[in-house]
Structure formats: structure tokens, C-alpha cells
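In C-alpha cells below, several structures.
Both complexes shown next keep chain A, but they swap its partner, so chain B is in the first and chain C is in the second.
So, the complex of A and B:
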């Protein structure tokens, strides 16, 4: 067996330092006052304004309209992240189920068409998508934020590969046991995909949470702003002698990290299972 | 419980490949039929057509006087046991057994009763709350059988259920399946490539080759009177020796070697002669005999298999281990123990020496009566 040596620890500690260091700096800096930060730059020591900064960020009504609070933005981000992840999973599972278990014409072509859209990033179709949403009067709605992003080639692809690895005999046994297509999906496929769902949920949640460009386009009403947009908004006040509220920006950034980190921590057991083994 | 009638059933795949060619089998109520053949002979396809997992291209399948060609698998009143068990991995053993009944809307109390009964029969009661992954191969196979039993179907379909088990477990499970089937009296159709499994389990076995039936019969009848060289070489271990020879008068000529067969030549000319390894014995001095050039010996304990050549053709003899073996052996065989097959078609030729076989068949018939 390999014995742990000092050198191994040094490598790991350096890794931790580079990963955690910036976060620590952001956290510490957020507890100082804006003017102080402007004068002294970043700080690695705690200041005395931790509680009031965070309370302010979460509850202060800000923005141009003066209506939007940090809590509100966090809610919006959560709605976007969860709606996005859940919608993508449902849609891509259904698509993959059809592709794998039903023989319809052009199934292979359909799959490859879905698959090639993997190559197209959102930005390529962002203007047409916006136009469609605008015509449908879905700008400044949650549906407008979420629905156009739901079709997921990645998700469909992963689920398809996973379904293909489920032995055919299971389907046959279920057919003899009198389970129709819907029952088979709910009773067998969904429970078997649990780990896979958890893995995709994490990836998609973080992806949705971090969306910036699409929410920027879709929402002009500040009550729909997400956290990621909010950070930007704070720094946009460089007018006259105003100092941007660096502390608040840092606080918001730290807050913006908490939910994805929590999701990863909660789901990581299944996540690793989903990526490495299949429960068959 | 029902009879199954398979009439002129064919399976033709999209590419025009005919996997099963006009097969007809009448299975009586409660009978245990084993479909046996090498891989690719169409036995699994035939079973899957009965199960409803493959469409029937031609012909009809009836279960208990009901044509089920277009009936959904779940409505056919059958239960199937798969080679890889096909248990639902996320359900407990109890739920695995109950799933089919739940889907049929069976009342909860009856499901409980039936599952308990099946579990008791298969001795898996203490595993009911476990998931399949926590069970050994043999236990999983029991659960798979339990899933078939709780349904109380008209027929059991087995698709090589023992192939994934180790040799020792396979033998004991084989016995259990046989006893269970006898106790329940459920008509069974069982697919295997293992001729020993086929011999030990079957009431009647069906030997398939290239999508066609080579022979249907009781295991001993098939063993003692194989209908073709294919059946002869497939059923029995070691395989029946098949030697090409020529018949002239009362004699069989294998190259330079000659064997006296004692009776008038019914079919002179080239012929394939079948000899069971255990029918060969050491020739008495002065007796006409085949000379076997010994190549190697397999010790099986109870007997010893001597592999060698007769006139350059392979021959295996099964002899008692007490017999000393030199470099060559003189082997003899009772003429009525010889099997004759057409040299071209491989079909069995009606033997002039069939008298003894006939007697045995008669005796079997009396015993059955």
C-alpha cells in the first residue's frame, strides 16, 4: 500500500489554498465597509460589518425601481435553477425513453439531429429565441426565462445511453407482468435512473443558476432579476463621486455560491454513484 | 394449466432470414417439454414467440384452445423465467413477486397470501425484504421462479434459467425445478443448450437444428434411437461416435478394418455408423474387432473415456477403469447396438436389428400404461 508522505500533503494543501483562498478573501472583504475596501483593497482579515452588510444585501430594496431585494433575487435564481434542472430532466428523459424503447420512423435521424444541436451554443440562437418569446409575450415571465432553455441534447444523450444499458429482459419481464409503457416508465425506468437524475440535476441546476445572458435579455422588469444579474447591477453605480458597494457585491457573490454548493453537497453521494456505477 | 399447441410456426426476420421453420409441437397439459439445440437453432425464438415477445410470422400458437398470436404477453396467462433473472433491481424480493399481481389489480390480501406461499415453497421467506443485489445467483433464480409461480399461470416458459449458475448449483436447481413442476403440474416449456439438462428434466424433448425439429421424443427414446446424425451427436455425453463405412454383405468396412454385423445387408453401400461410447467393450480373443489406436484417456472416476482412432477416424470408448489399456485396444460391439444413418442425408435408417429397440419401446409403453 502507498504510504502517505509529507509531499502528498503539500500538494493537497496547495490545491486547497488555491481553491479556497479566493473565496476566503471574498468572504472577509465583504465584512468591511465599501470606503475601506476602496482605500485598502482586498482584505484577508474579518472586518466588523459582517451582519449588517449581509442583512442589507438581503433585505435592502434597491435597483432603479427600488423594489428588488436580495431575497427576491435569490428566489428568482432558485426558480430558474430548479425549474431549469427539473424541466430539462423531465423533457430529456421522455425524449430518451421514446428514442430507446419505441420504434418509430426516423428515430435514428431524430436522435442525431438532437445530438448535433449539442454543437450549437445558446448564443447562436439567442436572437431568434428572443424574437419568438417576444412575439408570444413571454418576456418578463418565469416561463419565458425557463422554457426556451429546456430542450437538452446533453440530457437526452446521457439518458439514452443509460436506458440502452438497461437489460432488455427487464422490459420483457415487465411486459409479461402486465406493465404498459407508462407503468414501465414510472415503476422501473424512473427508479433505476435515480442516480442518473441526481447527477444531471446538479449539472443542470448549476448551469441554470449561472445563466446570465438569457435572463439579461428576457427580463427588463427588475422583480425578475436573478442574483447573478444583481451582482452586476451593484457595480453599475459608478456615477460622480459614488463608490460602488464592493462589500455588497462580494456578499452577493458569496450568497450566490451557497445554493449550488448545497445542492452539490446534498446530491454528491448519488452524483458520484450516477457517474461511476449503475444500479442494475 | 393448459395444453399448448404450436402449429406450423415460422419466424421470418426482416432480412428474410428464417429463424424458425414451420415447427409444430403439441404439448399436453402438465407436460414438461425441453427445447434443446445448439445456439442459433431457433429454440429461444420459438419460446419468445410463445411468450409474445416476438411476433409470429406464420402459423398459430394456442394455449388452452385459445389462439394467442395477437394477444399481449400479459394476457397470455404465461410466466417466464429469464437467463439473467431480469429481477427489478430497485424492488425488494416481495415487490418483485407482487408486481405482476398488483398490475392485475389482485387484492392486497391475496397478493400477500400468494407471495407467502411461493416464498415458502422456494425457501426464500427470509429474503423477502431484501433487494436482488443482496442475493446470490441461486437465490435470485429462486426469486425469478417465485415471480412465475405467484401468478399461477397456465404455462411456465424457461429461457435457459440455469446457464448463469455454477455447475454444482445448476445440478441442484435442476432437481428443484423438476420437483416443483411435478408438484404444481403446470405445463412447461424449457429452453436449454445443455443436453444433460434436457435429458434430466424433460418429459419429452424437442431437438432443434437450424430452425427445424430434428426429433421429438422421450429422453431415453431420443437417446437410444436418434433420428439423425445431428441428434446422435448432440444428445449424450460423450457424443455418439459416427464412422463412415461401407456395408458389404454381413460386414461393415471401415477402411482396412472389418466388423461383422451378423445380419443380411439391408442397405449396401456407403453408410454412417453410430456407436455409443458405452456400447463398446473389449473384444474376446478370436472375436472380430475394431483396433483402436489409443491417443489419450480421460479419467472420470466411474468410467474412463478412451479417445483414439480407428482407421484414422476418431472414436471414443467408455470403459471400466479396471481394464488395463495398452497402445491399442481391440473393441467389439453387439450388432444390435449399432445405429445406421444415411451417408448423405444423415437420417436414421430403419434397422434390421431394431428388434431389441422395439422391445424396449414396448416395455416403456407397458410401464406407462
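So, the complex of A and C:
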């Protein structure tokens, strides 16, 4: 019995090493100088250039037109992450409320039209979506970045499932008290959904922050680049130069992963609950 | 990862769940309006557009288009290059799905088994979930870099001269490793929560009936995990097909010519680099059909064969 437990720990530690090792190496290596990395390879010990590399990456103007800084990209990522999460929650709560709490004529067909969006991911219709955005003149705008991503109705299903689990008695009681649909929504549904909203916000924020393909298509103007979108540019610089700026590339990669990783870590319990239980 | 969502893993039930409902002619439509507007403009319109332009040949200079029937489809399906990419996509998807499920399950079983450090392992193992695929690709490029990559050195130690980005098979290997790495936490989270949902009484009964830990896992625990596993199978397949775009884009660095790419990447290349609207749309429609078949397969077959507890 004792021996098998030891063996379990060995496997888990190997797993942790495999999963976390590269992140640690990236963090540590980013605090060394480029020439040093080129000479000595990656590092698992901290170097002395943490502050200046990160200051440079965050504030130095880079890119092809020299208009974009790390701070700017970070802000764009935040706008995308928060805008996407908030938009998703508002849209899907309203739609789910209508589907669960109202009796209306086209309910079934509406439901199936929403359900269909879950079947086809954005990736299979990128070119026509891009054409639509061009027609609507939405390229290189924040709305063009955020709104089309809202077209998949995942959130609607999470909230629909959740609303269905709310006891009917609440609505009966509210009706006896004379509460209308708006009042019931604001005073009963929203407060009851707090945990659910938090969980979905975390999942959707991470999802929005990590978007790559869509921002790549939508934004050609560098001032709209997000951190994740900027990765390609980092690599182009990396490939082009004699001694690549490994340190800066790593620093940007670290910046691109810190906010979502922190959020998942801090709100781990909500996040896991949201991810696994919204299915039921 | 949310591309094809887990909600899609269950066939939808009846819409009107509530016994008591509001009666209003206008309000439900008002509440649904924002969602429906976005779905129409950004889902149905482009989807119909894709099907439409897959039957047309676009003039490269933008002067109109001609109806060509199924020519775009036959061109695509006859092209040796396309079939090669399809074959790679199938192999890639199978390997990524298998290894990320297997490793995720192994780690979940072990994390469920140990008492000490359970929470720490869990926290450390789910970090990577939050990393974007292209950032994971960048990490992969670093680990497999010709000059500084430690994994290249390890490979060299075993006599493997690894040239990621130049050698087709080496690049494919690196892509698979990175894609698996990125997906393990997701599977780990679901398997662990599935395992923790198995009642203690069932475990104790199994412990009394069967002394071999491996057989107990195989005959009792695994069947109980089947719903989770099948749900994850679909999610992982869609992940490998679509969400690995970022990994691939970063790792082939625009030099797709002698590097392995997947079908989604090919749609992107032909549509945005090659300006082949018809061909790219035909490929989009083929992918749509694949996803549809996958989903129907999931509803029809898998759901029926899985034991729900």
C-alpha cells in the first residue's frame, strides 16, 4: 500500500514537471540578457535583468509602424476579455430568461436556431465572416473584435440549464406579490445567478483574452493588437535578427499568460465549478 | 476549447420547462432580440455565404464571379495536396486526442488517489488551461529551438537530429507535443471531477470484491467515467481539429510549404493568402459537414451506449 502511494506521487510530480516546467523556464529566462541566452541556452535561475526587460517590453514602441507598446496590447487584451465576457453574460441571460420563463409562439424554432450555433465553430466560416465584417466596415474596431465572437450561444445554454433548476415556487410567490417580468428578473433571477455569473465570467474572460484567429483577421492596424495577436510579430522579429531578442519574446509571452493564469488560480473553485457543472 | 460546447454533448430537452410562465406577446422577443440579431448577422449570414460561394469561381481581380457547380469541391477532393493534409489532420487529431485523454486520465486517477498534496497537485496541473494556443506554440518553439531548445538537446543525446520547422516529421512531433500539453489540464479537470463524483460506497464495495487495483479500475471505475470520457472525446476532437490553429500558425511560421498543417489552416491559407474564395469556401463546407457528422454521431451512437449512473 505504502509503495503504491509513493509511485503515485512520482507520477504526479512528473506531470507537474511536464506541465509547469516550461512556464518556469520561460519566466526565468526572460530575466536574462539576449546575448547571454544565446550563449548559455535557457535558464532555470533568475537573472538580473527582470525589471529592465519588462519595462522595455511594456513601454517601448515596437511593431512595423512603431505605434504599439506592451501596455497598449495589454489594454486591448483586457478590453477584448472583459467586453467579451460581459457581452456574453448579458446577451445569454436575457435570451435564456425568455426561453425558460415565457410561453411564446416561436419558442421551439428559436431554441433550435440558437442550438445550431453550437455545432459550427467560427474556424469553419472565417472567410465569409471576414467578408461580412468588411461589408459592415467593422474591421479594426473593438466591436468588430468582440461582437462576432458572441455569435456562439454557449452562455445561453449554461444559463438556460441554471434557470431551469430554479424552483417554480419562486415565480409563483413573486406573481402573488405582483412582480412583473422585469422586477422578477432584477430582484430574483440576477441575485440567484451570482455564482453562475462569476463562474461564466472567468471562463469567458480567459476564452476572450486567448482569442487568436479572429483578432488576427480583424485587426491589421497595430494599435488594435492584443498580446496574443502580437505573438506572431514577436516571432517574426525572433526569426529575422542575428541574436534574437529571446528575453523580450519570453517577457511578452509571460505577460500574455499572467492575467488569465492568475484569474484561474485565484478563482479556481468557481472556475472548476462553472466548467464542470454547467453541463448538468 | 469552447468551440463546440459541452452543452452540445447532450441533446436538448423540451424548451418549456416551467409549469408557470409569464404571458406576454412582446417581451420574450425583446429579450431574445440582441442574441438573435448577433446570431443572424455573424452566424447565419456568413454560413450561407460560405455555402453560396463554394459553388462560384471568384474573379481574382474582383470583377464578378461565375457559377461552376461542384467544380470547387471536385478540385479540392482531387488535389493530392488536400488529401495529404486531410490524412495528416486525421493522424494529428487521433494522436492529440488519445495522448491528452490518456495523460489527463492518468494524472486525475493519481491525484484522486493521494491524500497529501492533493490540492497542490491540482492547482499546479491546471495552470496551462489558461494559456492561449499560440502562446503555447511559442513555448514549444523555445523548447524545440535549434540553438537553445533543451528538448532538441535531449533528442540529440539519443541520436535524433531534430530540426523542428525544417523537417516535416520533426515539426509534426513538436506540434503534437505542444497540442497535447495545452489540452491535458482540461481533461484532468473533468476526469478528476468525474472521479470525485463516484460514491464512496461504490468504491468500498469494489474494494471488497476485487483486490487488483488495475482490474478494479478497468471494470468498475472506468465504466462509471464513460459519460465524462465520451464527452471529452468529442471536445478533444474538435480541439485538435480547430483550436490548434494558433499552435500550428506559430510553429510553421508562414512556411507551410514543407511543414505539416491541418485542414483548418489550409482553409485560412487558401482564403487569405491564396485569395481562392471558392476553393476556401468549399473546404469550409467540407469541414462543416465533418463537424455535423461528428455531432450526429455523438447524439445517435455514443449517448446510447454509455451507462449513466
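Remarks
Basically, the second predicted complex is superposed on the first by the 238 of 280 C-alpha atoms of A that agree within 3 Å, B and C clash if a C-alpha of one lies under 4 Å from a C-alpha of the other, contacts with A are read in each partner's own complex, and residues count from 1 in each chain.
Please note the rule applied: contacts are C-beta pairs under 8 Å (C-beta built on N, C-alpha and C of every residue); 3 or more make two chains touch, one makes a residue touch a chain.
Remember, predicted model here, so these are calculated numbers, not experimental data.
Once the two complexes are laid over each other on the shared chain, residue contacts for A:18 go to chain C alone; chain B is not touched.
Contacts of A:78 after superposition on the shared chain: neither chain B nor chain C is touched. In the superposed model, A:28 makes contact with neither chain B nor chain C. Shared-chain residue A:148: touches chain C; no touch with chain B.
In the superposition on chain A, A:181 contacts chain C only, with no contact to chain B. In the superposed pair of complexes, A:124 makes contact with chain C only, with no contact to chain B.
Contacts of A:101 after superposition on the shared chain: chain C is touched, whereas chain B is not.
Look at A:173: by the touch rule set out above, it reaches chain B but stays clear of chain C. Between chain B and chain C, C contacts the larger number of chain A residues. Residues 172, 175, 279 of chain A are contacted both by chain B in one complex and by chain C in the other.
If you check the complex, the residues on chain A that touch chain C are 4-5, 8-9, 11-12, 15-16, 18-20, 22-23, 25-26, 29, 37-38, 41-42, 90-92, 94-95, 97-104, 107-108, 110-132, 136, 147-148, 150-154, 156-158, 161, 164, 168, 171-172, 175, 181, 184, 203, 206-207, 209-213, 216-217, 228, 231-232, 234-236, 239, 246, 249-250, 253, 256-257, 260-261, 263-265, 268, 272, 275-276, 278-279.
Chain C makes touch with chain A in their complex at residues 1-10, 12, 15-25, 27-29, 31-32, 34-36, 38-39, 41-47, 49-50, 53, 103, 106-107, 110-111, 113-114, 117, 121, 123-135, 137-139, 141-143, 147-150, 153, 181, 184-185, 189-190, 193, 213, 231, 238, 242-243, 245-246, 249-250, 253, 264, 267-268, 271-272, 277, 280-281, 284, 287-288, 291-292, 295. Interface of chain B with chain A (complex): residues 51-53, 72-74, 78-80, 82-84, 86-91, 99-100, 103-104, 133, 147.
Residues 167, 169-170, 172-179, 183, 187-188, 191-192, 194, 279-280 of chain A are the ones that touch chain B when the two sit in their complex.
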